[in-house]
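Following are the structures in question.
You will see two complexes here that share subunit A, one where it goes with subunit B and one where it goes with subunit C.
Presenting the complex of A and B:
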C-alpha cells in the first residue's frame, strides 16, 4: 500500500524464535495509516504474537474487508497470502477459504463499519458456522476512510470530531458474538499490548471461532474527549475482567503461577493460557455471566476487556460437516470423480 | 356414453404426434402421476417432452403439465392442445377453450360440467373420479392422491399405453415402499377399466411403441448440472435457496452423499453450505476458489443481481468461480416459476466498471452435465468467473438426451498454479505478470512456500506484483492484459454450432430455443423457405458468428426476452450491421415454439417482399 519500500536492514542481534525466524520475518510493508492510529498497534501486536509463538508466516491466510482496518493485513506477515474482499463480505470469503484448506491458520481483520454495519449479516453467520479462525475487529467507532462518520459501534451520546452525536444505541460486537455462539470472545485495547498479544496468541490457537473486539482509536476523526472510542476514555474506563498469559505448546513452562489466582486452560493445539482472575468471581466459561458482567460495566460507562468467554468443547464447521482429513484443495480427480462406470448406472435410473 | 354432443368436427387422428395437457391444482399430488404418464411414453420408445408450467406457491394455485409427444423427435413446445385433462375447476373454462377443434377433454364428472363449457367441436371424456375414489378408498389423502393415478390408468386405455409399462413404473417408483405398489396399481386398473367400459378405446389419438429412445435418458437439466459438479470435482457448494436453481444444489448434495464419501473414514469429500444470502453464497465460492478448491453457487435473476459486486472482484482479482444461473422471468421478482433468457446482458457484463464474463449456454441436459464440468476447467484455466446460463425450462423439465459419459482419460485442468518446487526455480513471483503472452497469469495457493509466492488479492487497482497502485498507466496495463486473457479464452470455449448450406437467410439462437429449431426449419421448408442456423454456445462471441452473419442476407436472432439481448451482444461485441439482423422475440414465460418462429419469419418475408414491390 505504500510508495516507500521498507528497508531490508535487520539488526544482527535480533533474536530468532524456535523456527529460526526473527521479528522482521513477520512484518509487512510500511503502514500508510495516520501516525498514532490504533490499528498500527494491532499490526505490531499480531507481529509479536506470531513471532513469539513461532508461527510459520506462510501458513497463515489473512483476510479482510474494506476500510482502514482492512488495510492492515499489508503491514504484517508479508509472507502470508492475503485477501481483501468487498466491503463487509470478508466472512464469506474466509468461510470458503477455510473450507478449501483446513490446515492453515485463518486471520480475519475487519472494522466496525465493515462488520457491524454493512457486514453485520455476514458476521452473524460466520459466528454461527463456527469457522476455525481468529476474527479481529479494529473498532474505532467511526468511518475513517470517508472522514469521520459515526459507526454502529459508537456509543449513544458519543461525539465525533465534528461534534456529531450518536443518537442510537451501539452494537456491541463482543456480546453479539457470545450470544451467537462464538467459542472464544475477548475484548482489548490497541494501546494495551500486554493484554492484546496473549489474546491474539490464544485466539489463533483456539479451535473454533475466536473473536477479539479491539478498541482502536482513530486519532484523526474520533479521538476527542467526547468520544467513547478515544484513547482517553479507553484508558480511563477499561476494566480487565481477566488477564491472560499465553504459553505456546513448544515452550516449556518455567514460570510458576500461584494456583489460587490462576486458571490454566489448555487449548486444542496443546498451548496453555493462564488466566489471572482480576474480578472476584469472574468465570469465562459461563456465557450468561459474561454477558451480565459486560453489560453491568457498560451501564457504568466502563469497557470490560480481557478474555470474556471461552468454550473449548464446540466443533468447527469441518467437524460439524464431517469433512475428510485431507484438505479439499489437495483432492484430485482420483478422489473426486466417480468415473464412467458409475455414470452408466446413474444413466439407468433415468430410463 | 361416448360423447353427449357428438362433435361436429372430426376427431383428431394421430399416432405418436400430439399434445396432452394436464390442468391441476398444485399441492394435489398430480406431479408424480403426470410424470408417470410422460415416463410411460418415454419407455414405450416414443420421443416425449414434458413442460411443467407451475405457480410460485405450495398449495392451491393452478399448475399445468404439458406433454408433447412426437415420433419425429420435435421436443419443443407445440401450440394447441389435443387432449386436456381438466382437473382444476378454477381454470377449466380456459383449459377447455385451449383444446384444438377435434380434440378431447377428460374431466371429473362426479359433479356435472356447467352447460356453457360444452363445445360442439371437441369430444368429452367424463370420468367420475371423485366418486370412484370415495367408493374405493377409505382415507381422505388417498382419495385425493389416487384421483390422479386413476386418470393416468384411464389414459392408458384411451391412448393405448402399454399397461405393463405403467405397472413397471409404479414398482420402480415405490421400490422400498412396497406397501404402496398394490394400491397404486389398483388405482391404475380402476381408471383403465372405466375407460374400457365407457369409451371406444383407444381414441383416434394413439400411442404406438417405437424404438426412438434406445439408449436415451430422460433427465432434467438441474440434475445434470448437479452431477456435472460432482464429476467436475467441485468440493464446495454454497447457495441460497431460489427457484428455479434450488434443485441444482439438491442434486449435487444427493449424489455427493452417494459418491463422495471416503470409503475408509466415512467422511465427506464435499461441503454444501446454505448461505444467508446470495452475496455470501458467491463469497464462499470465491474464497474456496482462491484457496484452490473447486467451488460453485447456483442462483437465478434476483440472486445474480446481489452477486454483482463479488463478480467484479473475482473478475479483477482473477479468482476462479463457477456460477449456474437458472434464468427465470424478470425484472425484479418477475414470474419466479416461468422461463426466460433475460440475464444475458446482466451476466455478460456483471458488476460496475469494465467487466466481462465467460458464459456457457447449454441446450440439453447432456450439455448441462458437460458444461458444468467444462466450467470448472475454464474457471481454473482462465482464472475468472464462469457463468453457465441455463433456464427454468431446461433446468426443471425432463428432456430426452443421449446418456451422460465421462472420458476416463480426462484430467482436470487446474490451470496455471505454481507449486513449491516451481516457485523455487523462478525469480521473483509476480501474480499478475503475463509470462506466456496469453494474458493468463500464474497463481499460487496460500501456504505453498515459506518465502515465495505470497501475494495480496484485492479488488483495488494493482500492479503485476499484486501491489496496490494508483498509477493510471499501470492500472491500464492490467486492464489490457485481462482483455487479452478474454481473447485467449476463445481458444478454450465451445465454438458455435453452425449449419450453413449457403442459404440467404440465417437463424441465430442459443440455449433452450434450440428445442424449436429443427421443427421451425422443417415448417419453413414446407413453405419454401430455407434457413441456415447458428447456435451460440459461449460468450465472448467467436469470430465465426460474425462471418455467419456477414455471409447471409438476413439473420433472424431469436431472443427469449423483450429487449433482444442476444442481438445486443452481437452488436456490442461483433459490430454487426443493424440491417442484417432481425429480432424474433418471445417473452411470455413459456418456451418459444417453432410455430412462433415460423410465423415471425414468414411475416417478415412478406413485409420485405411488399416493401421491395413498392420500391420497384
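Presenting the complex of A and C:
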C-alpha cells in the first residue's frame, strides 16, 4: 500500500472537459490494491471515460459487492454516489436504486467471485430484468482477497501461483449475459485502455443492461505463465472482433467514416459508436453469431474481445413495467395518495 | 527513437535542472535533503567543495538554479535554493577539521594568481591540497575582489565574507596584497609554472554627456564608488541622488545611497522594466526601500547652475519593434523631464581592462580587448597563462567565476604534469537505488504543496540607518525545513528496466502529471504529440525504453516528473526504480 497521497500537481496542459473538470477531478482516494493490479487500470479507464464524456459526478451511482474488484469504486469518481453491498448482492441494491431513481447513471462493479460464485443467481436476475446500467466484472480468475484460490471463471487447466490446476470448465460471463438477454455485451482487457475506455463510454450511454467482462490480471496470485488470466497470456491471446470509437453526444463529429469498413451505431442518448470491422467481418447484432465466435476463439485458447453483442431495440425494466415518467423518488405524497376522489374512480372501474 | 542512453553522464544530470543550470554544478537536491535532516555542516561541505563560498553565495548568488527549478513548471515559484544554502552556512558548526589537508612537502610547482577575487581563490583552494605553492597578488590591501568591493555590507556582512576567504588563505597562500602588477612580461620572467589572471572587470563606464566635465566632482562611477564605500573612503552622499542603470550594481548603488544620507534617491533606466538586468529580488528590495525606478528615461545632459550639478535632464521614450523585431526606443515627444539632484552615480556597465599585459608576449586579445582563450581549459594563447572569472569572458557573476576557477585549476594541474589539457577526467557519478521497503524510500517523496516561503527582513527603520546591518535575517530552522520540503528531489531518478516490465499500466495510472506513455515507437516529434499529455517543452528530454513484448515502447516525459516515486511504488516487478544520481564535476584533485 502506498502511504503518501497522490501529489496535487497536475500536467499544466491537462484539458478541462465541457463542465470544466479535468481527468484529475474524477479521481477517488488512492488505491490500496497491490501494485500492478488490473483493477487499478479499470479505475483509470472509468476516470478517463467519465472525464471525456463530461459526466457530472453527482449523476453517477457506483455500486459494488465484496472482493478486490468491489473496492475500486473508492478509487474513482470520489464525488459520485456509492453503495458497497453485501457479497454477491449488488444486483439487488442496483435494481432497487434504479427503480427509485431512473435518472442516474448506474455503474456496477463486481468481480468473478462476487458475480460468478456467490452472486451468480443475483447476476442472472439483474440481466434478465434488464436494469438500465453498466455492469463491469473485473475478472481475474482467482480469489485474490483470500489469497489466490481458483474462481469459477478460471479456465480449465489454468494454474494459480501455488500450482493448483483448474479441474472444471469456466463460467463465461459474457456468454451468460448474452444468453440471459443483456442488450450490450463486451469483453476487454485492463491493459488495453484504447479498447476499454470507448467500451465503458458506450456501455454507460447504452439504454438497457450493458455488461463488460474485463480480464484484469491478479498480479499477486494469478499472473504466472500457466495462468490464462495473466498479463502475458492476455496480451498474446486477446483477439479484438471489432474496434470501437465512441463519440459523445455533445461533440461534433468531424471525422469521416468509410461505410464499407465501419459501422455507425447511434445510441439512445444521441452518442455514436463507430465500429471498425476487423478481418473477421464480425456482426455484433447477431446473438447466435456472437456466441459462436466466443466459443470458437475459446477453443483455440484465444480471448474474443471488443463489442460482442448489441441490441438497441429491447426495453429496459421501466419500459417493460410501464412505470410513470417521473422517477419514483421525485413523486410527492399527492402523487402517491391522490385522495378519495381518485380512489372512488378506481373502485368504480371494478364494479 | 532509439532507447535512451542513461549511461551518458549528461542524461540524468540534465534532469536535475538546478544542478544543470548552476555553472559550478552544485548537487542542490542532495544538500537540501541534508538541511531537512538538520545536517547543516554536511550540507555546507557539499556546497563548499562545489562552489567554495556557500555563505557568500547563499546571500549574493545570481541564482541561475532558481529559474530552472522544476517547481516553476508545476506551480509558480521555485524552491528558495539560494537562501537554503545560506541556512547551511548560518547553522553549521565549526567545519575547519573537514577542510582538505595541505601537504607540508610541496610538489615543486609554483603558481602565481593575479587578483584575489573568487576565481583566483578557487584556483588556490583546488591546487593547495595537491602541494602547489601559491602566490596571490592583489592590488588592494585585502582579498575578496568584487565580493568585498561591489557587494554592500548590508547584503553580505564582513564576518561572513572573511570567514570564507580565510578558509582558503589559511591553507597557506603567499599573500602579496597591496601590490599591483604592472607588467605581465616581468611576471613571465619570474619562472612561475603557471600564471592565473583573475582581475575581474574593473573598469566602470561613465556617461559623458554635456555638463560632464564641469560636474565631474558629483558624477560617480558605480563600481568605483561602491569600492570606496566598502573601504570607508566615502561615507556620505548628497541628499538628492540619481542612479543611472538597471543592473544589480545600480540596485546596490541606490540602496547604499539611502544609507549614506540620500533622501531622494531615484533610479533612471533607459529601457522598460522588463528589460532591466537586475535580478528581480534585488529590484524588489530597492522598491521596498521606497526607491522609485523610472523606466524609459534616457539621460540627455547634466544640468548645471553656477558650475554646480543641480539636476539631470531626461528624454521620455517608448518601446517599439522594428521590422526585424529589434527593440527601438522612440522619443514620445513629451517635454524633457528634469530631475533635481546633488549627485549622479553611473552604473551602466563595466569592462575588462588589461593595460598591464604587453601585447608582444604571446597573449592574444580579440578586437574587444578580451583575451583569446580556450573556453574549456581557460588557457590563453600563452601556454603558461590562464584566465578566469570576469577577466576571462567579461562581466558575469561570482558562481561563474568559481566555475572558471575549478576548470582553470584543473588545466593548470594537467599543464604542470605535462598532460593534454583537453583530456579531462570524467565527472564523478553514482546511481544508487533508494528502495528501503515495498513502499519506503530513503528520501522523502511526500512533497509539500506549500508556496515559496519568504525570507524575513529586518525592520526598514533600522537597516536604513546602519550601512553594515544585514537586511535579510535568513530562514530560521523551521522555515528552512518547510522550504526544503518543497524540493522535488529531481536527482532521485526514475530508472526503467524494460526486461522487467509486464505492461500492466500501473505506472501510467498513478502518475500525477501524466508523464508515462506506452505506445508504438516513432520519431521524437511525433512521439511528443502522442504522449498521454503532450510533451511540448523541447528543452526537456523524452526517456524512451527498448521495445517491449507488445512491440510498444515506454516513453516518459522528463519535463513534469515530480520524482514522487509512485510509479516505482506501484510497479509490481520493480521495472521502475528510484535511484539517486550524484554528479560532481571533476576537479584537479580527481586527475
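What we mean here is this: the second predicted complex is superposed on the first by the 323 of 351 C-alpha atoms of A that agree within 3 Å, B and C clash if a C-alpha of one lies under 4 Å from a C-alpha of the other, contacts with A are read in each partner's own complex, and residues count from 1 in each chain.
Following the convention adopted for this analysis, a residue touches a chain if its C-beta (ideal position, glycine included) is under 8 Å from a C-beta of that chain, and two chains touch if they have at least 3 such contacts.
On a predicted model such as this, the values are computed, not experimentally measured, just so you know.
S.K.: Which partner does A:8 contact after superposing on A: first (subunit B), second (subunit C), both, neither?
M.R.: A:8 sits against subunit C, while subunit B stays out of touch.
S.K.: Under the stated touch criterion, which partner chain does A:219 make contact with: subunit B (first), subunit C (second), both, or neither?
M.R.: A:219: touches subunit C, not subunit B.
S.K.: For A:58, decide between first (touching subunit B), second (touching subunit C), both and neither.
M.R.: first
S.K.: For the three-chain arrangement built by superposition, which of subunit B and subunit C touches the greater number of subunit A residues?
M.R.: Higher number of touched subunit A residues: B.
S.K.: Under the contact definition given at the top, report the residues of subunit A touching subunit B in one complex and subunit C in the other.
M.R.: 1
S.K.: Subunit C touches which residues of subunit A in the complex?
M.R.: Answer in residue numbers: 1-14, 24, 31, 34-38, 40-41, 43-44, 190-191, 193, 217, 219-220, 223, 231-232, 235.
S.K.: Within the complex, which stretch of subunit B touches subunit A?
M.R.: Touching subunit A from subunit B are residues 42-43, 216-219, 227, 230-231, 233, 235-236, 238, 255, 259-260, 262, 265-271, 273, 275-277, 279-293, 295, 309-310, 313, 403-408, 410-412, 444-451, 454-460, 467-468.
S.K.: Please name which positions on subunit A make contact with subunit B in the complex.
M.R.: Of all residues in subunit A, those touching subunit B are 1, 56-59, 61, 63, 73-74, 78-86, 89, 91-101, 103-104, 121-122, 124-125, 129, 317, 321-325, 327-329, 331-333, 335-340, 342-344, 346-347, 350-351.
S.K.: Using the touch rule from the top, collect the residues of subunit C that touch subunit A in their complex.
M.R.: Contact set of subunit C toward subunit A: 73-75, 439, 445-447, 449, 502-506, 508-510, 512-514, 533-534, 536, 549-550, 560, 562, 564, 566, 569-573.
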